[in-house]
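Notes to accompany the following structure.
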Amino acid sequence: MSASYILKRIALIFYTLVVVSLLVFAITQILPADAAVMMLGENATADALEALRQQMGLNDPIWLQYLHWAGGVLQGDFGTSLRTGQPVGPALFSALGTSLTLAAFALVFMLLLAIPMGIIAAVRRGKFADLSVSFISYIGVSLPEFVTATLAVVLVADWWKLLPPAGYVPLTQDFWGGLERLILPVIVVSVMMIAHVSRMVRSELVDVMHTDYIRAARLKGLTPRRVLFRHGLRNALLPTITIVALDVGYLLGGVIVVEEIFSIPGIGRSLMSAIQARDLPVIQAGVMIMATTYAVVNFIADVTYAWLDKRIQYD
Amino acid sequence: MTDFLRRLFRTPQGLLGCLIVGLILLAVVAGSWVTPYGPNDMQALARYKAPSAAHWLGTDQYGRDILSRLLDGARSTVVMAVLATFIGTLGGAILGTGSAYLGGRADEFIMRTVDAVMAIPSLLLALLVVSLLGSNSANALLAIAIAFVPSMARISRSVALTVRKQDYVSAAVARGEGAAYIVLREMLPNVIAPIVVEMTIRVSFAVMLFATLSFLGLGAQPPASDWGLMVSEARQFLHRSYWILLWPSAAIALTAIGFNLLGDGLRDALNPRT
Amino acid sequence: MSISRRAFLRSSAAVAALSLALPEFAFAQTKAEAGGTLRVAVDQAISVIHPLLTRVNPEYLAVELLYSGLTRLGVNMQPEPDLATSWESNDDLTEWTFTLREGVKFHDGSPCTAADAVASFEAILNPEMASPARNNVGPIDKIEAVDDTTVRFTLSTPYADLPVALSYNNARIIPAAVISSDFQSLRSKAVGTGPFKLVSYEPDRLLVVERNPDFYDPERPYLDRIELHVFPDLGAQISSLISGDIDMVSTVAPNDFMRLEGQDGIDTLRAASGQFCNVNFGTDIAPFNDVRVRKALALTIDRDAMVDFMTEGFGTKGNDTPLNESYPFFKALPQREKNIEEAKKLLAEAGFPDGFTAELVASDRPAIRTQLAVALKEMAKEAGITINVNTMPHATYLDQVWTKGAFYVGFYNMQPTPDGILKLLFTSDAAWNETRWNNKTFDDLVAKARAVADPAERTELYTQAQQLMHDEVPSLIPAFFDVLGAKRSWVQDYQIHPRASVFRLDYAWLNTEAPTRKG
Amino acid sequence: MTSDNTPVLTIRDYSLAYRVPAGKIEVLKGIDLTVHRGEIVGLVGESGSGKSSLASAIMRYLPGNAEENAGEIRLGETDLRAQSQRAMADIRGRRISMVFQDPATSLNPTLRLGEQLAEVLIRHQGLSKDQAWREGEARLAHVGLKTPAEMMRRFPHEVSGGEKQRVVITTAFACNPELIIFDEPTTALDVITARQILDLFGALQAETGVASLYISHDLALLSQTARRVAVLEKGTIVEEGETAALFRAPAHPYTRALIDAVPHPEKPLVEAPVGTTAPPLVRIRDVSVHYGRKGLLDTLLRRDFQRVAGNRSITLDIQPGEVLGIVGESGSGKSTLAKAMTGLNAFEGLIEFDGRPLRGLSDMNRSYRRDVQIIFQHPDASLNPRQKISEILARPIKLYGNKDAGTTRDRIVAMLERVRLPASTIDRYPHQLSGGEKQRIAIARAFLSNPRLVICDEITSALDVSVQASVIELLMELHRETGATYVFITHDINLVRQIAHRIAVMYRGDLIEVAPASAIADPDRKPYTRELLAAVTPPASTQRAQPTLS
């Protein structure tokens, strides 16, 4: 891996952001809603609306509006929310923090569960443990989050009264209380990824355990433990990095639903209410922030992968 | 063909997947003929009825027969999901194989752009498209199809590139075959199989994406009998009559599992060298 | 005559002042205890806290905690003193004088005087500011400060309901200095005279207020702190109430209400109300410009079933007029019932012997709109009318259909007065003239009623207006909803308000069973 | 542990079968085999003969569906079949070790070479990590690696194939085992490297006196390495004996067939070239092929861009009717040149075909495509798995016409007959045919267009010896019949000496020289050519060279 590989990947992030910004700007431009009406409400007079349009530059050519907006974004100014009249940036970044907390816990939880599950299934291939894991993963990938979430709330919160049903408390404010409220959302949002990643780990590990070098390691008389953990896992888990990074895209989509049900004020909620209220600047900024998160996570994953997997020569 | 079916039925996934998907397709085809009641017939006196002889799966908040709605909804839910996946796959396949065939700068440009679009989570992309076009089933279908295009383009491209490197394609190029023959006769039959597998698995994803869109209020709209919408509407009656939520959820899960299993089974069966 | 009228008005103000104390007489067997934190669940984001610009109930709640108006609305729908302690009008109800409290201070410590009231109402009436209150505070022509504690309203037409109208949710008093310097700054901070002061505000999650020690009533408020928690998912707020995480849910859906009934430690709250969901006809667009068509549709509705479908029984039948028992000056008309024969006959007369097809637009929020549409679709089928329901996002609906469409579903809070609802929706000069019915006789009846103080006379005028609406059916109003809420039993002296947008939490307090929470 | 007269490895009446859904596949039948201390026993057989299964059986590393008879496998006095997997783990690597075919896949790509060597010492000799590391360095030095300390720290992808195989062999010898099984240890290596590894093996074997079971398909190699040879055919040892005796007088017909199939450079299969006066059919002038493309980022950063050269300025004439062999190691550019000539790679320079100049792909018209045909190495890959033979063979006919020669189907059947395949093959799919049959289809496809130049790109290297011989025979017959010119690309120098008129030697993209086949072994050849020829194991014959220590 060379500096130019990293440079190339960074250039790719920027290209990604340009494409996404064009796309999202185009979409928000055609959305059936008038930003001035959204801002002033249904009681505004035609004159007031026209003045506001002028002031917001809504009468400028589209490309000029895009440049204004993109220029603002580059300086960290995402515009003003039509719904709240507040600057979009600070509110969305704090929401992003909340979502990332949720996502980070979900990722860790998922890895802690999915990797051992995948390993057990691969090692006990065809046995009961393997069948149970694949049964769980088939179920896991077959229920939409909002159903899983509903079931989780009914069972865990309403019936067994083990955990609070919803709400969010920042961890900085009350760590254990906040954590307690994160448990259900984290489980719900990780279910599908657990199913997916454990299947990936299983099939990767099964493939690796059939390679010549694993046979060679076994025929060197190494203990099964060492063969599995030192020789097998390392190679099986490497591709998982990329898979998990790609799943982050799915995770970011999943938080939209989960935040809605568990009343978590994350970026998904912000986006959802912005979409419902046609709050265009928030939609634009929210999509940009999500895409950036995805691009950065994948960048980190690719660079880590390239760093760990010495075989591949990146130019 | 029989050989193929024999291979498919040999794996437990293939057999089970075929059974479930077959059952669902039966409901899709024959469902609306055998429904005991009209899917939208309201009975003010039979609301929230638990499963009984008259209403096998109970009735919902309007006194509509849930079994009839499920059978009726099978058509829209499954056909929409399959259609959305098919359109998305077709678009992705054309883009991906085209990109692989063009190669060079064009390929780089197309695939980088596809990568860029993939940075928008597919649920979010679908949400944006639906809110752009308006919330209804047809637009949700289109949205899901669009959301599927980038990843399908990636997959088809990598499959196409693998096939492109095969010696039989080289042989065809070397003997001077035209581009159309190479793409259609030499490459396509070999590209299709893995794409069909991927597509089958994606149908289950599409079913769930549809349901999620409906849950967020951007998919099918009442009084449609889409399963996702049924679940979404039933959530508020959960504590009063859980079966309104239970049956369509189970139907969604069953469909998703069925297509997942079938996809896994197909993957094994379609591999010509096993 | 004139004296007696003035006397009547004065006395009605006095009655209102008395009724202000009523809740305490009625409920406070034990004396209110001060202190504690109250957690309230609201079902929508509190996007706006600018008192003049709020639009939905959770926002009204927030603003009510932070700001005061000149008057406020009692649970009995009568005006009560707020910043104004008393009011009187001239004989022909065109000039009203309000006396303000002395020594009231804004949260920033500056005094609140008549000048602030004048500036506030001028801002409300200024179209540039686009305050929803502009159309709801009455026909105010001019407002002036007589002295520091006296404000005079000059009206363009006689208006008996002004003290009620001034209690409108958006008619709040804000500092004149803020209006002249940075009107929009109130979107992120609060400078009011309300019982509570703003602590923190996150639109999609949480709004926290704390007790205002300088509130004009030294007794109130009793609570130290109120937190408004936003729950977009209805199920989640009910679960949180049951788990004790939340003390109070501002609005509850009928099914959740049934689930909560009988739960230990939870009180369900219910008030009959004039809240309704209707189907508006664009009376200037065919086929709905034909009164027979409108009437035929009205005759297809099984109103008992409709009450069940839409409210699970927590409601009352509607008679295609926006008034019901909950409103003052109301007299019931004979109830319209389902009559398919008659409907078919009317349709045939109108030239639709085989029925017709129409698209009914329902926005997606609240969900009750769609429920009405779906139920109507099934009922109209019997008369051969095919209705295709088109659900669209609320924003799109507002942009494309609202006040323009031919056939769409509306949803309204109860207004404080019959005049309020009729002037809001159905007169030719209505703020939201959704039906474009534009009936001159009707307009005259409503105008006449506002200038009359005698209850019997007003009742008679409103009954005539109702009859006219009932006959011409500019809008189908099949059912009224009760307002439903719930609270933990440890929350005392909270009464649910028929208006649904009024909360009066400065009277609420927590008894000793309430859990102590970290502030 | 073993007295001199006890064999190190004893196999008695051992049979093995695999259970499959369709029934049982017998892979080994009544095997009897012994290997003594200091002895190298060769095990020869073609693919599917069961030689690798025998190795697995000895290592007790069999899949779950294996079914064994009561036969016996002993290591010295130890009954291996009675050992638990745990006990076997102690034996493997310590008392028996194994060297595999491809060092590139038998080394873990993500672990340092040192760790993969040291872990055996830690496991079986109880050394500490440091001790094992130091010991590993010493061992690597002993096998002739120049910088052992550095080698220990490297990852497999950072060293050459020969170095990797040295590490693997060092690992196998690390614990001074009683028996080492070599499973085709040089097949994946280039000729020169293979020779070095063989020499190393010989030296270590002589030094330690370890008993070796050497599995190979290469008779020539075994005739030089092994003292005794066992010939395995379809799971049965059909013949076993002293190497020299067995090669001199093979008793079993299968052994005879195998020995006959080995190419002998002294016995050319082509007649001398007809006439050299004719102008060359193909003139290759300064042809270069480059891979890679300058990236956008490089352009933006004004960076120099180094392209990878596949061919550098190749100049070569091909006479009509001749068989031109091209030899070289993998990566020498042989196939690149073939691809350039068939329009599969862009090239710079000039190719003249029958006097017509070609400067790029666009100049290759239909008649050129018809005249120049290519046959690929792997028939599996060069035949579309989803087309029937009829469709595959109909294409050249459809493309290049020639109406007068009867219907398409008739012509295909006639062609199938010429490549000695039954007419019924026409309705089959490729996966229903054997490797040799598939390659015959590929040959048929090439000859259906009546080509003037046929490029054979390693077409026999994926085939077993006996199949290879029959394919070569077919090719030579077609050559006699059609007079087509051949370009025969291979790494098998014995084979090319037997069938080519002239031989071109390539090395890392450059054409080293072109010499008549008869004169390729002359002492005045270029150094690389001499090195290459010296590394080639002469075909199995009476002469037997002693391996020398390097």
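The first chain written gets the first letter, and so on, giving A, B, C and D; residue counts start at 1 in each chain.
Assume contacts are C-beta pairs under 8 Å (C-beta built on N, C-alpha and C of every residue); 3 or more make two chains touch, one makes a residue touch a chain.
Because the structure is a prediction, the values reported are computed rather than measured.
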Pair of chains joined by more contacts [C-beta pairs], A-C or B-C: A-C
Identity of the most central chain, Cα criterion: A
Distance between chain centroids, defined by C-alpha means - chain B, chain C (Å): 46
Whole-Å gap between the CA centroids of chain A and chain C: 41
Inter-centroid spacing, chain B versus chain A (mean Cα positions, whole Å): 22
Chain B-chain D separation of Cα centroids, rounded to whole Å: 47
Sites on chain D at which at least two other chains make contact: none
Chain B: positions in contact with at least two other chains: 131, 134, 217-218, 235, 238-239
Of all residues in chain A, the ones touching two or more other chains: 32, 150, 158, 260, 272, 276, 278
Residues of chain C touching chain B in the complex: 234-235, 253, 255-256, 258-259, 302, 304-305, 308-309, 364-365, 370-371, 373-375, 377-378, 389-393, 396
In the complex with chain D, residue positions of chain A that touch it: 4, 7-8, 11, 211-224, 226, 230-231, 234-235, 238, 308-311, 315
Chain D residues within the chain A interface of the complex: 59, 61, 88-94, 97-98, 100, 102, 105-111, 116, 119-120, 123-124, 155, 157-158, 168, 171, 295, 297, 303
Chain B residues within the chain D interface of the complex: 10, 104, 108, 166-168, 170-177, 185-186, 189-190, 272-273
Contact footprint of chain B on chain A as seen in their complex: 12, 15-20, 23-24, 27, 30-32, 138-139, 141-147, 150, 154, 158, 249-250, 252-254, 256-257, 260, 271-272, 275-276, 278, 283, 287, 290-292, 294-295, 298
